[in-house]
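Each of the next two complexes has chain A plus one other chain: chain B in the first, chain C in the second.
Then we have the complex of A and B:
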């Protein structure tokens, strides 16, 4: 009789604890999201929810979370909830809580109580040390719920009681910035919520190694989601600012898209556009692909098909990695010192093409080499068994098989160089212009060496990333300049990210086909 | 002429026939022409085009008559060109920096106070850090700026990036992973000038108003933006390192009764540590070399922040120094900018070699264990 009854009781109690813990975590997620948005000042103290000001509302949530977490811990210790805690929460947890207590106590002592350096240091060390020792010696359920719970209650009370208000200002000594209340409150709320949620998640699984796993997964998951949310928000922000001006005067029938088909004319009645910059970027990419890609693919063939691992290959690998990681501005300096004096003496389109080609070369070399390596040896063996010579095998078996991988590398590399600004800055320049570079129409034969001349290649041309930079240096305060900049940024983003999306999609496609 | 040994394989048959002699002279002619082109181009002579035509003619005939050998020689040339380009970059950046290196000596890293150890002056003082009128150039403020921004960026990108990679590689369900991973890789492609524009137009004023800063632009903001920029790269590379840990290692741990989180902490992460640290080093390299965000956000003053730890002050980084001053620089001033390039180049090269070493060790360790 007692066995069944007891078992039922246990199930019931566990679910109460679980429900309480889920409530803490759920409340925490909402509070965290609002606090994070609060940091960006999209919502501020003036925002009200259900007639309560935002910060008070969030602090109320945090207070509930704190009380919930503390009761979860005490309930587990007194045996009301059925849990399986370890002996201690572990030294790392204790040390982190100790540090947190040290920081909080230090701030309270120096800012609210106004103690001197010796005073706050002493007080903070004392509080931090006691917290560390207490958590390290306490059983796991108490040690991992009480400190966050108490801290949460403390923070919530401080906000609700008006000890920390939006008018609060802390100017750390030696820094020329002030931590204002409108920044400090959401940050404090977010941090406190995270720690309390961690305690709640631990309690949800009844502590122990499973509890630690759940709590860790929660934090790691929140981190991953936040990162992606921030980056996507950034893209959406740029799109929201840029789409408007970029589609000004847009019509489908008859097709008109002034921002993309016009130049920058400095005339108020015409929509200024980025057509020359788009053409410049296209020419840059074409030039860089012509210079960089054949050399890269040829080198990849030599390294995988002909060369034996040795000192030469080792040196080439070091050189490739060196080139791959050399900062783009150093490429720009190199172009400035080496190419410009030899190619007409001024910043020019062809210097930009060559420098970007040099940058593209190592990117493509590494990916092409991987792609050629990935071709199964059976292909080569089968071809050799048919009596086909080595070069014929490479040309008609290996290269076609590796082509998708090579192309993917080229597309990704092009995406990277199309957005590069620093090298162009030094070797090409070219600001806001009305006319696009006319490369094909400028070829001329002359009687003295080098026999071919092309003025369009030898003068600077605009390019999308540089145009964006030029917008900044020209001053965004000018009328419509900021809108023009956002639209340029949007177009640049679309161009570069489409290259990336295309490259990644093709890689996924061919990888899947290879595995199938 | 150096290409000749390459044809050993073909000559191994021992038939030193006319064909072989033909190939040998072709190789010599092609190499000679190419060498002449290179020398004439370096000497800045338009005559370089004549041996270039010769080279193209030799290659064209070679391709027609002896395709296999020509292809092999051309691929060798392409391979050697990687070393040549790195060599050219090294030589030209160093040569341009030389006048200022000679003029300043160790004072290139000088402070306004002499650096003394036990009364021995190691680095004499400079009158001012960066004076184009007196031609006094010390890189210390810029090195400090680069160091601080890199530190802040790493402090953001490394822990958050590794944690997100852990989520993607180990925790997320396959469907989430397969959609999010390509997304992260696409996000890694956002050009730095776009971040710079965002920082310049929005974030600069935001921080200025909300942190009541004394000036627009700060090392703190640059570090923050670069950290955000480096995040997708770190996530993506660290994820690759984590997924390359063989499943057998994880299975063993789970069979011993460890939870998944314990397996991650004590098996997967340590096994992938070298790959993950290579990812972080890569991110650091990117942060050191990042130019545009720093250039448009910072206010460009070539002094150390006062006090030193004030990351909200406006100074300069090595990259933004070059990008903001090249336009009105000439003579010694321009040479001084090249010294900043030298410091950048050497730093990133060391980082890249370190990352490569670590990666190789990882390959050996994981490959050898199977």
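Then we have the complex of A and C:
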């Protein structure tokens, strides 16, 4: 180009500051991941990288980050780096940094310096207040890099210098819990890294509104990924413990999977399995959906399409929310005291179905109402203008359009009830059994009302979550209860996820029908 | 009046028709008011006739003493600044205002001589015969075929459900006929005949609006009410809708609200001008209203001095 642009509409992408800031954030991501893994104790102080203890290695990283961040701030202030910071980092940042400084100073004063309550409170308040005032008065570049940078350097030095070691143990007064160094170090590392990365991300964009946006995206993104990480960690953990025992004696040709197809026979020569419990859980969910969902959807239709918004609808809304918040064991107690005496006097599959159906109702009602409300009024107008009655409109237009939303409620609800233990304990409790509830095969026609009978429904039946509880806590099965429990947990997870997949698939089907 | 079927369950047709016969062809009650010219003489019976219509939303008055007679097989345009009650008026003609809780309607509206606000009126029958097309295209999230066949199926004109098929009363052929006829009438058949089972939401805005017109035609109405049917569409789609409306007027009675005066001038036979306060200020042959308005306020409005 033959002319030089006066204003910087296009900023050169590869300034030193940006490279330094990227390094800080990149280093931070790695340190953060390892620190989180450190919290789970999968890797510990004994783990070494290049011959250096893991924590020292991470602290080294944090130290570099701290130095980098401080340089970014000072470089920006002295004009070495080309940035456009605001006048102040803002009151919220100042307050949060003040709080952080208060906490850090309090820990140092009480734990390392051994000051008494008055001493550490005074010290911490002083440091926190000074940080708050300093950050509030500083320009944005200094205010959002110096505090995290200095804190990072401090934390890193404390770890490297052995002031906090894995052997360190803190027993806060009045708590019986102990926070060990091996726990505290990765936690401190993770927190400090996160804040420092935030400062680095701001510096990357040269501060200002763009910097705040990038920094916020970074934090929000890390949170989102962390949620997935928790889920994956949980699944992997259960799978690693449960897959072994669950696949004992498994063969593909001829197909044999004793853990899933066998009952619990108490005979040493065969593999004990959870088939009865799987069938119990499946029947339980089917029964709960049949009893709970239609009632909930019908009530949602009435409340949304027919009833006038007023006291009555308000009262029903409060009642619904109350029911949804009611602890499951209370539902169980209700079933135990109310249903069981009326349904044969013993714990039974049908009582379980009904109780879980009642539990399913409020959530399905709430979500169905929202789904029905979200159906555009234009559809109702169009239908009414064709002379179609309200009920026909609901049936043919509103409900199909609300179906994906209604199914979302059912999916969430089933996820909750399939794993319920407390109500099952009270109303259905079947111990370890060899035979599965045979619901379909037990239907009998009789000559007097109600003309059908089903003994399987009136008998107690096992269910996966309750069986898990029974084996692990109550030690019902004497032999390797733990392995059996883990395998049961694994199967329960698979069963619940299958219901989930089924729900998602049907929701996709209905959604596809609604959209072009 | 060739159609003798009654809208009312308790059939008060005799009295209404008798009263109607005694009435002069044009209303002369309102021509004296200095600021409104609403007498308009035309041949034949009015298809719709409105007398002393007031509408309130709570304490707000949306329509003030409207009297108008609408001839059949023609296009009647309703124009006026926004908020003057055009949509409200249109909704009175097929009782869609019933669906608005706050709306309170007084006065008489007769359709082919029968009071449509009488007790025992069959709303289904009324809305079958007085159809409506809305401002924003609102096809159902269903296939094109299901959209068109919706009305006939719900009214039992055609039966294509499983039970009908099992009992050998399957009307699929008849339904196909209705779908094709309606889509052809709405000038959209050529564009969609190869994808009748695709979702209607996949059509363009203009196509969706013609589909909505076809859906309305499928129940075989006599009157079609349209509330700014082209205001959400681009000029080409608008032109198509305008052509379509002129064609429809050969068979149907069309009442159309529009904020576009050129549009009203192009397609309508008679024009009613509403002005603020929910008053009908002038009603007459379109050419006369646009070229030689009797009311000064209407002239100001049409020439763009206000509104």
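Criterion: the second predicted complex is superposed on the first by the 371 of 516 C-alpha atoms of A that agree within 3 Å, B and C clash if a C-alpha of one lies under 4 Å from a C-alpha of the other, contacts with A are read in each partner's own complex, and residues count from 1 in each chain.
We take it that a contact is a pair of C-beta atoms (placed from the backbone, for glycine too) under 8 Å apart; a residue touches a chain by one contact, two chains touch by 3 or more.
Keep in mind that this is a model prediction, so the values were computed, not measured.
S.K.: Have a look at where A:314 lands relative to chain B and chain C in the superposition and call it first, second, both or neither.
M.R.: In the superposition, A:314 touches no partner, neither chain B nor chain C.
S.K.: In the three-chain superposition, say which chain, chain B or chain C, touches more residues of chain A.
M.R.: B
S.K.: Which partner does A:323 contact after superposing on A: first (chain B), second (chain C), both, neither?
M.R.: After superposing on A, A:323 lies in contact with chain B but is clear of chain C.
S.K.: Determine, under the contact definition given at the top, whether A:387 touches first (chain B), second (chain C), both, or neither.
M.R.: The answer is second: A:387 touches chain C but not chain B.
S.K.: Quick check on the superposed pair: does A:249 touch chain B, chain C, both, or neither? Answer first, second, both or neither.
M.R.: In the superposed model, A:249 contacts neither chain B nor chain C.
S.K.: Is A:397 touching the first partner chain B, the second partner chain C, both, or neither of them?
M.R.: Once the two structures are laid over each other on A, A:397 reaches chain C alone.
S.K.: Under the contact definition given at the top, report the residues of chain A touching chain B in one complex and chain C in the other.
M.R.: The answer is residues 389, 392 of chain A.
S.K.: Given the complex with chain A, which residues does chain C contribute to the contact?
M.R.: 94, 96, 99, 123-128, 131-132, 134, 136, 138-142, 150-151, 154-155, 198-202, 212, 215-216, 219
S.K.: Which of the residues in chain A come into contact with chain B in the complex?
M.R.: Answer in residue numbers: 41, 169, 174-180, 182-183, 209-210, 212-213, 216-217, 219-221, 223-224, 227-228, 230-232, 234-235, 237-238, 294-296, 298-299, 301-303, 305-307, 315-334, 336-338, 341-342, 358, 361-362, 365, 389-392, 394-395, 415-416, 418-422, 425-426, 448-452, 465, 468-469, 471-472, 476, 482, 485-486, 489, 492-493, 496-497, 499-501, 504-505, 508.
S.K.: Flag every residue of chain A that touches chain C in the complex, lowest number first.
M.R.: 376, 378-389, 392, 396-397, 400-401, 513-516
S.K.: Name, in rising order, each residue of chain B that touches chain A in their complex.
M.R.: Residues of chain B touching chain A: 6, 41-42, 44, 46-50, 67-68, 71-72, 74-83, 85-86, 88-89, 92-93, 95-96, 160-161, 163-164, 166-168, 171-172, 180, 182-194, 196-198, 200-202, 206-207, 210-215, 218, 220, 228, 231-232, 235, 258-262, 282, 285, 288-292, 296, 307, 309-313, 319, 322-323, 326, 337-338, 341, 344-345, 348-349, 351-353, 355-356.
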